[in-house]
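Structures for review follow.
Shared chain: chain A. Partners: chain B in the first complex, chain C in the second.
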Partner chain A sequence: MKKLITILSLIASLTLLNAAYPDGNELLKKIDDNMLSKTMKAKTTMVVQTKRATRTMVSINWAQGNSKSFSEYLSPAREKGTKMLKDGDNLWIYDPNTDRIIQISGNMLKQSVMGSDLSYEDFMEESTMQESYTATVSGAKVYEKRDCWVLNLSAKKADVAYQKITMYVDKVRFIPLYEDRYAKSGKLLKTTRVQEVMQVKDRWYPKTVLYKDALKNSKGTLFNVESIEFDLSIPAYIFSKASLKK
Partner chain B sequence: MILKLAYKNILGNGWRSLINVIILSIVLTGMIWMQGLYDGWGRIARRQMIAWQFGSGHYEQVNYDKYDSFTLDKSNAALSPEMEKQVADGKAVPILYSAGVIYPQGRMTPVVIKGIPTQQSILAIPTEYLKIADKSAPVIPVIIGKQMAKSTRLSEGDQFTMRWKDIYGVFNAYDVVIAKVMNTPVPTTDVAQVWMDYDKLNEVKALNNSATLIVLKDKPVNSDLGSDWRYLSTDDSMAGTDAMISAKRVGGYVIFTLLLFLAMVAIFDTQILSIFKRRKEIGTLIALGLTKRQIIRLFTLEGTLYMLLGTVFTGIFGMPLFLYFGIKGYSMPVDVSSYNIAGMSDSIKCYYSPIMIISTFLIVMLVTVFASWLPTARIARMKATDALLGKV
Partner chain C sequence: MFKFVLKGLFRDRSRSFFPILIVTAGVMVTVFLTSFLDGYLRSMIRQNARFATGHMKIVTNAYAEKLSQKPYDLGFINSESEFEQWKKEFPDIRWTPRIYFGALLDVPDASGNTSEQGDIFGMAIDMQDETAVKDIQIKEALLQGRLPEQPDEVLLSEDLFNKLGLSLDSTITLLGSSVYGAMAFRNFSVCGTISFGVEAIDRGGLVADIEDIRAFLDMPGGATEYFGYLPTADYDDAKAKEIKKQFNAKYNSEDEFAPVLLTLTDQNDLGILLEFYGAYLGMISFIFVIIIAIVLWNAGLMNSIRRYGEFGLRLAMGEQKKHLYWWLIMESLAIGVVGSVIGAAIGIMVLLYFHTHGIDFGVFLKDSSIMMENIIYTSVELKNVLLGILPGILSTLLGAMLAGIGIFRRKTSQLFKELET
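What follows is the complex of A and B.
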């Protein structure tokens, strides 16, 4: 009898605990609503920290949903004028030194972008979190002095690049502050740590993010948003191949 | 009589004749050695590529393009039941390709991952090292080549992480251990390549008994394997290497054409000088009843004898050289042997085919005869009286 009472009370407490957690998929929707916009224009700084040196690259970026984006590097002088266009599954790079447009595909997608911890294929993800993952909340945690939900994401489809993700989501601002992305085998591949956030009108957005390829021996790549605008009007030609050589 | 006279004249020419003979001998030796080297290189490259890469022919999945790494992840097809039987009988070996990235000491290095059955015996790759004893073990044994080990600073027993995408584009990664660093002479099985178990690669790529290449033990009777596969014979596979060797051979020909030209100039000059110096002798021979044609034949024969003596010299002095490079071989300098060209990593044993030797001899002979004959046109214009007086 005592055993039964213990089991029942355990089940009851677990049920209560679960009831105290929000629905993971609802949280994903809120994250998507907060992070995504119809269009976006941002000036960003990418700091690549290698063993030998630290390189800072400034770029201006335009995006339309998750499927189209265009970036132009403003500095340093070596990279100035380099442009990158993503349109669906296609990715092109314009190199001003050779005045050539190169399509990045196949094995080249696995190479790092400007020596950073990001590979070109990291730019190729198109689906929203909601479309790609099923989420369960496994607990709560304080991360960087913010109350967060711990989310465990499992891919809904077989063609999602990362099949498992663990993330800490700010309970109020719905920003994933901490992300660990895993291979199908369970091996940790990429980590993302938001170091600073900023408020843009009615939404909160990551300002400084440290990306790290967990397999690579590096200090990671720091991504800093200098300025950002959401839902602005962007001319269609920006996302055309012609704009790469302009 | 003319032959005897020509021989005596050559001996009478002394040093001039010796120099001509030596030059011709050097040209002949060089031409035969160079061609022997290229033929030897072609033979060793073919032998090595058959042993390590292509077998007696192979099938390629139709999407595969060896010059386009973008095709790697989409060039695979399941083996047909007939082919599965051939694989089981040891008559074929399937190889699956995948694009991947390795992280030795945390350095990101793109590679081609190749899955090959561990029990195969058609290719010389030591696949027995790829056997996975414990299927649930977290570390996969792999083989790399010597050059790959050198460029990535890896050695046997080293562990690192290898990452790739499966056919759905999902990231997968495992720790791998170098079970063997193989000494493969074929760079296309070495540079930027990681070999692992075929079944394991199929499993982690979310495939089932699919391959990019099927290497055959024997030439197939019927090479048609359906629309998914394209058959390539050993000759087809060697076309690139053969073309490269031919291009190198042409480069060698240019040098020896120049040398041959110099030798011909020497013979031509000797003949001109000889005709000038021997005007009285020519006049006497005409007076004694020899026709101009016979005298032209004499002079031409003298030139041709240079070639024959050159051949004897080549036989005497070139033979040890030919034997040395034919038996011991020619080791390419270190900087050249790392050019990633098949057949260059081992010492190249020169191969002198009779056809090559005879054709080289005939070419030099023809050119020598021509160079000897050309100056004799002057004899045809000579008058016997003028020749006797020493006038031309």
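What follows is the complex of A and C.
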């Protein structure tokens, strides 16, 4: 009888524990709701640390959902005036020195952006987290003094850049604070660590993120959001090829 | 006596024809094979020295660690004064800077948008230096147009040029990363097309002046590699290693951008290749001796059976077994010499043909990254002929010695019985 009571209480506690975890896909929806907006404009700095030097690049970026974005580099001098346009699956770069618009495609998308730990592919993801991944919650953890859910993501389709992701998501703010992104083989490809968050009206957003390409022996790229606005009106011409040469 | 043996052999052709044929074929194949291998190895060393290794090269420590990846971002920057110093210190060596890089080649359409793209493997040399131009034999490799004369002119591989549908004076844009990781763009004009006959380079090669590429990759006064060539045309490993010792003792340190000198044999596994090459040739000769000896041993046994009566009669007439054995060896020596001379003569004729016309391996090297010429020319060297002749003679002697052992087993008491039958 005692044994039966022990087994029953064990099953009950496991069930309760499971019930205490939220649904992983529900969490993904909340992350998408928090991180995405209809439109967005941000001024960012990207600090790239290489063996030779540390470079800081300032850019101004516009985005419409996940499918369209436009960036213009303001500094340093060598990069000033360089523009990038993403429209769906297409990515173009404009270089003012050669006055050329060059399409980036194929293997080039896997290359680093401006020597950073980010690839063009990282910018090309069009689907929301919900559309790309299924998620399960495997536990809870305190990360950087914040209570987080531990989420394990598996890709729903083969064409996403990372087939598996482990992330710690802030339980209250729904920001992925820690991510390890893997290839299908299980090889770690990239890590992201949010170092600072900021509140913009009613949402929380990552302010400083350290990206590290696990395949490179780099110190990482620090991505910092200087200012950001959500759901503002952006003229349609911004996302046209004509705006690259303007 | 040798003349007498020869007479006997040629009068009774059944004794000599088959063994001579075997030795001839064996010597011919060996002479050709060793000459071909020699030519192959020389081609490999020559091409590597020209395009990839020099007789020696100076790179940074960090670059040397990832040498096969040619990470130009770990090359030298503003290194003119150091380069001048090295030139003064080692005046016998001819030094020349190079930059190896990869980039995306973009061809614009009429409105400046991307029309065609292709990956290139770029090589920047000092176009003002006549010997640097000669090193990679650009003039010989030029198929269309001319060498770069103006700034921002490049030569493109004929294959890529045709694939992208370009014409001479077409404008192309190179897109890559600067040594600092920044995006790098530069417009160039195609002034000519080249084909080095090296598949690994001809697939997507681009040759430019080093000053233009320094500007493109943001590496003023820099180079990824400083190639060094010995005054002798052929590579001298001992000399190169001596210079390496002196240079590294003076200039190398633990700093990741400190210069380090590498010899040809330190790169592309060429050291192992050269080390084992002698062994390969020895092995080929040894295998040849064994195979031919076995075949001739068998032929000798067959011959002994055929000449059973003759040997019996000669022994019965009082000829010593030793003398008979010695006779057989003399016969085999004659066969070995004649067969080897004929085999070597035919082998020389074949290798002379391929020394002039070469053997085209282009088809097999289509997707290869091996640094070797598409056409391999056999080398003409006395040592390769000797490498065929000596085993040719040795194998016939060995075959006769083994087959002749049967003579000592004959018993005189049985001879008369055999003669009666």
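By our rule, the second predicted complex is superposed on the first by the 236 of 246 C-alpha atoms of A that agree within 3 Å, B and C clash if a C-alpha of one lies under 4 Å from a C-alpha of the other, contacts with A are read in each partner's own complex, and residues count from 1 in each chain.
The working rule: a residue touches a chain if its C-beta (ideal position, glycine included) is under 8 Å from a C-beta of that chain, and two chains touch if they have at least 3 such contacts.
All values reported here derive from a predicted model rather than from experimental measurement.
With chain A as the common reference, the superposed partners chain B and chain C clash. Once the two complexes are laid over each other on the shared chain, residue contacts for A:Ser112 go to chain B and to chain C alike. Judged by the touch definition given at the top, the superposed model places A:Leu189 against chain B, while chain C stays out of reach. Within the superposed three-chain model, A:Ser233 lies out of touch with both chain B and chain C [touch as defined at top].
With both structures placed on the common chain, the touch criterion links A:Asp213 to chain B but leaves chain C unconnected.
When both complexes are overlaid on chain A, the residue A:Ala158 reaches chain B alone and has no touch with chain C. When the two complexes are overlaid on their common chain A, residue A:Val48 makes contact with chain C while staying clear of chain B.
Only one segment of chain B in 6-14, 96-104, 132-140 or 150-158 runs into chain C in the superposed model, and that segment is 150-158.
Across the superposed pair, chain B and chain C both touch chain A at residues 105-108, 111-112.
The part of chain C that touches chain A in the complex is made up of residues 62, 73-74, 77, 104, 106, 108, 112-114, 117, 119, 173, 175, 177-183, 185-187, 218, 256. Chain A meets chain C in the complex at residues 48, 50-53, 55, 78-79, 82, 92-93, 95, 97-103, 105-108, 111-112, 114-116, 241. Residue ranges on chain B touching chain A, taken from their complex, read 68-73, 99-101, 103, 105-108, 110, 161, 163, 165-166, 168-175, 204, 206.
Across the complex, chain B is touched by residues 105-108, 110-112, 121, 155, 158-163, 181, 183-185, 187, 189, 213, 215-218 of chain A.
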